[in-house]
Amino acid sequence: MKLNENVRKNVPLVHCITNYVTVNDVANALLACGGSPIMADDIAEVSEITSISNALVLNIGTLNQRTIASMKKAGKTANEKGIPVVLDPVGAGASSLRNETARQLVEEVRFTAIRGNLSEISFLAGLSVSTRGVDSSEADSGNDAAAVALSAARKYGCTVAVTGAEDVITDGERVARIRNGVPQMGKITGTGCMLSGVIGAYVGANGDAFAAVTAAVASMGIAGEISYEKYGQAGTGSLRVGIIDALSRIDDQAIEQRGKIVYEG
Amino acid sequence: MKLNENVRKNVPLVHCITNYVTVNDVANALLACGGSPIMADDIAEVSEITSISNALVLNIGTLNQRTIASMKKAGKTANEKGIPVVLDPVGAGASSLRNETARQLVEEVRFTAIRGNLSEISFLAGLSVSTRGVDSSEADSGNDAAAVALSAARKYGCTVAVTGAEDVITDGERVARIRNGVPQMGKITGTGCMLSGVIGAYVGANGDAFAAVTAAVASMGIAGEISYEKYGQAGTGSLRVGIIDALSRIDDQAIEQRGKIVYEG
Amino acid sequence: MKLNENVRKNVPLVHCITNYVTVNDVANALLACGGSPIMADDIAEVSEITSISNALVLNIGTLNQRTIASMKKAGKTANEKGIPVVLDPVGAGASSLRNETARQLVEEVRFTAIRGNLSEISFLAGLSVSTRGVDSSEADSGNDAAAVALSAARKYGCTVAVTGAEDVITDGERVARIRNGVPQMGKITGTGCMLSGVIGAYVGANGDAFAAVTAAVASMGIAGEISYEKYGQAGTGSLRVGIIDALSRIDDQAIEQRGKIVYEG
């Protein structure tokens, strides 16, 4: 399949309402994979910006009252216009505000794809969680990622990616497990946020969301591996630069050759 | 001329009210070229901060109601104190909020320099535009950059830079065309924002705005070329790092020797 | 002492309410030294987030009315729960808003550690200052760093670090002087902010705040030296990447061997 080629050919415009910690990396990751980012969060313009975009990404990493309202408005506009929407429920489970916001978003907006760690998706699936900050809690590792992903995917009628040492992607029927990536990616902020942005580009340029999300998740893991091979000894600053480098050079052939993807169901 | 030397010698303090996507790159680019950045956007302090600065840069990349008010207040203070002001109308043409804000800013504040892509400056010149997100629209490429720049420069009585494959800088009489830079710079977020910051440093340290903007634009293109020579094969993450590296090493001699600048008029 | 080992072993969760200019570098520096960052600034969630954290870092670099209120609330929660709090009074002395905010924070919150440049700490110590933007003013260099640090430490009953060419750390009795680092670190935005984040990790994982702050300050200077040895000729973009690289590899042995620390008092 030509999932990355479609991104590079169509250059999907991806509207992101995202956190200010990793927003620059998200923009550069989106450009690197072939998309075009636009960040806009004032409620007076989000509907217009979403309307000209090919995908919308909502990331609650540094949510506040002002941007929560903008996320809802942009999400509803995307639904009206048939534009795919991606949710990154950063830190869901960690505070009442994040829980309540995540709940409202999945109630008020139909998502095409949701990507989070095991704690975050466990929360959305309705399981009790012990999220520690924005990282997945070890206490939640008893939850089976595939069962959690399937439960959330069926509940919300969308493709769900639970990312971790092994990534699980499912649309409620098909399941893909991916074993790319290196643990050192956890020592860089924003690999999850970048991936959610990249997923926005892939679903914005491809019709099959399950296939698009799977390719996006694999591409990020492969980028981490390529960067680690080159920069693992240097340190995490170089590792971060190398991930963007690798994303800017990855194509469908690389995803096919290096992707450790197993399909089930 | 010693335009860069003046920046490095005077270390102009540049107050930026700018977007959160590229703000870190803007600060590092400003430091690299010899300036000193200060970012402050609360309306309670912007007048004081502008008053101690040598230049003010207003960038509407992630504008919101709160920061729009701060931009206007800072701009008026700068005008009262005779401090040069630079406008980067990011995404003008893409939403009513951006259009209205850009219009209000050029009405309420006298700018020393305005830098944008062809779509953005076409909008300010009063031409109809088809901006796609924050990138220049191909549909607008029929507009002649020099004619657009001249029109905007005369309308607002300031130096205008339309940047793209060929950059055009004009103060309404003199015209400079610059052919530095590489297309891959478009695959990194923030090269335009960084340049607007660097322009702030150059106009903050030099009296002739046309000469200052021309040198700043050339220096950014040259930095892109130097970085691409070194990092083009590595990818866009390294390319971004290399641009800051090159900016930190560029001097007037490099601008003179590598600058592909043609003057007209 | 195993100060860095304690950070890497305990992985302290550090809640940062910080500026949007350097927030990504702060997060990556925290991860690099062994901590875990969480950024959250909505007043509806800061108490909850602080409560699950091992340290809180308040940085007023791009303060606004909304986040000032959140900083106070988070600080009070931390005090109630016995969680260490670090203050980075960026630009104190440069505007009334920053002065008033810094004053209110030290009045309403008990800090474990305060880190700033000579101008900022002079302001907090009650001396008249001539801060120029967010950099230390040369006019303030007449103030003796050790006297200023001691005065502030005794006034606020906490550990104070005045960082500059020579860093001075004191808890009001013990004094440490550190001569690590390179001047070129001043050409990168955020080395101070990153250090304040790293201090958060060290005080979050170690009981003796004076020893923890001293090790954190030394580690940042050493990281700057290591990066400069490798990247000094390349430029400031690479220097910044190299600082994160070095932070991710530093251990207690490196701090002991390379630290130029002199204790007094």
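Quick notes on this one:
So that you can tell them apart, the chains are marked A, B and C in the order they are listed, and the count of residues begins at 1 in each.
What we mean here is this: a residue touches a chain if its C-beta (ideal position, glycine included) is under 8 Å from a C-beta of that chain, and two chains touch if they have at least 3 such contacts.
Because the structure is predicted, anything quoted here is derived from the model rather than measured.
Shared numbers divided by all numbers used gives the overlap of an interface; between chain B and chain C this overlap falls below half, so the copies present different residues. Rotation angle for the C-alpha superposition of chain A on chain B: 120 degrees, rounded in steps of 5. Chain geometry summary: the mean Cα position of chain B and that of chain C are 32 Å apart. In chain B, the positions touching at least two other chains are 20, 24, 240-241.
On the chain B side of its complex with chain A, the touching residues are 19-22, 24-25, 61-65, 91, 94-98, 132-135, 187-190, 234-238, 240-241. Within the complex, the chain B residues that touch chain C are 13, 20, 23-24, 27-28, 31-32, 36-42, 44-45, 48-49, 52-53, 66, 240-249.
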